[in-house]
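A, B, C and D are the chain letters, set down in written order, and residue numbers restart from 1 in every chain.
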Amino acid sequence: MSKAQPASRQQFPHFLAISTRWLDNDVYNHVNNVNYYSFFDTVVNEYMLREGVLSLDAGPVCLVVETGCQYFSPISFPDIVNCGLRVAHLGTSSVRFEIGVFRNDDETAAAQGHFVHVCCDRETHRPLTMPESMRRALAKLGAA
Amino acid sequence: MSKAQPASRQQFPHFLAISTRWLDNDVYNHVNNVNYYSFFDTVVNEYMLREGVLSLDAGPVCLVVETGCQYFSPISFPDIVNCGLRVAHLGTSSVRFEIGVFRNDDETAAAQGHFVHVCCDRETHRPLTMPESMRRALAKLGAA
Amino acid sequence: MSKAQPASRQQFPHFLAISTRWLDNDVYNHVNNVNYYSFFDTVVNEYMLREGVLSLDAGPVCLVVETGCQYFSPISFPDIVNCGLRVAHLGTSSVRFEIGVFRNDDETAAAQGHFVHVCCDRETHRPLTMPESMRRALAKLGAA
Amino acid sequence: MSKAQPASRQQFPHFLAISTRWLDNDVYNHVNNVNYYSFFDTVVNEYMLREGVLSLDAGPVCLVVETGCQYFSPISFPDIVNCGLRVAHLGTSSVRFEIGVFRNDDETAAAQGHFVHVCCDRETHRPLTMPESMRRALAKLGAA
């Protein structure tokens, strides 16, 4: 249970703003811990779609093999969530994304986490060497 | 199963932009029918909070007694959802909101629905006359 | 805003038990109005899958064109939701499902709603005559 | 990115069955990675409520400070998820839960994760010594 330090905005080369929803708040009137992962999933897939390297119909699929999050301070609807995204490790078939969750204009992360994708064959789910176009798109997110 | 006509933007006096999430898409790669109600819930409660007439801790509570939606054309992540909000009926204790869901810059609604709130006593859940401040805030959303 | 009477269990020929989740509860500690539609979606699709008449990969698709719900009394995690399902109308290409939501062992519905599917061509999204196997499966859910 | 071994059922002293929902499946027709955390949240809070040591209105609150999950094999609606729960570490104010996610009757986990709660003052959010009743309830979940 080592306690990480909250990240700052300049540690992330890419950002996406996500609106919170009434339903994100739980009985404590804070965004529930589960919903942070929907922010991670969204910023990662939005980047891949925007770069044209996520194909829903053909080619390799990206399977999620590990995720994690540390929570520092609460967020509540109707806050805006600004998600910073960086690539911390780029392997032959896998990529480790790190995400900082910034509340409104805060400079220090309210939460941060990671998301590990493995590029796999669509049928057998065996790891594949990542396509070169995907590698190029991900390399642009190398930690600043 | 009468088929309504899709609404246009000028029929709504208030708008809120909501970002879609990867998770909103279902197996058909469209925003699932359930998630439209999270848009309704969000635009209504954001307006009430912004107007200072939704209290989470004291005073009357707004119970949802009826909701409904008609779906005309699909929305998919990463589309932006622009929700138009109007008040179609304002009773002694109840209010009927109508919501138009506009995909990105579309002028015609992809879906539209309603959301009926009844103002109730926090303990007994019996209907109450709506506080005057709430009525004034809602009256501003009278259909244009 | 006519007020319907809550349904009773014997009005439904098919049931599915669905566990609630912590996240279903909102700030009022009740299952949020949105989540009732995830129960509707689940009981309908579970029936279709179980009967072998929902194909994710080929053949017609069922598009949701209208949904609605009336809420009578609250449900809270960790209640069990027992969803009753019946077919109220079976047309050439469309079907109107009605769903009763029963809290734990209650005999009277806490909420009830409807869900209208239209059978469409997978590519053009134009309505199709429903396949005979689907019609037979749905006819078994005619209101008791 | 060390690869853990999937847990087996006998490593968990407590289980809860959770039904999947149509909406849990994403575009790949598998339960989306985010939704596993709603299973974690549910099994932990159900245990706390059942033991009478989770109070929504008064006394200390349990804040989630860290969560994580490793995914081994897919789950799809309408599978049943059987969540095993154990306490891996019980500190003065904090507890580390570990959860195994078993698909239907599988003996080997499809996914496993952790969930760290810190017992805090309701107002200041400063860590508190855990109430004795909570400690006793959690001690019963010591890894078998």
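In the analysis below, contacts are C-beta pairs under 8 Å (C-beta built on N, C-alpha and C of every residue); 3 or more make two chains touch, one makes a residue touch a chain.
The model shown is predicted, which means the values in this text are computed figures rather than measured ones.
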| item | value |
| --- | --- |
| Numbering shared by both copies at the chain D-chain C contact, with half separating same from different | same |
| Chain pair with more C-beta contacts, B-C versus A-C | B-C |
| Length of the line joining the C-alpha centres of chain B and chain C, rounded to whole Å | 22 |
| Approximate Å spacing (C-alpha centroids) for the pair chain C, chain D | 29 |
| For chain A paired with chain C, centre-to-centre distance based on mean C-alpha positions, whole Å | 34 |
| Set of chain A residues in contact with two or more other chains | 22-23, 27-29, 32, 34, 38, 41, 56 |
| Touching residues on chain C, where the partner in the complex is chain A | 22-23, 25-29, 32, 34 |
| Of chain C, residues touching chain B in the complex | 1, 27-28, 32-35, 37-38, 41, 56, 61, 63-71, 89, 94, 96, 116 |
| Complex interface listing, chain B residues touching chain A | 17-19, 21-23, 29, 38-39, 41-42, 44-46, 49-50, 56, 77-78 |
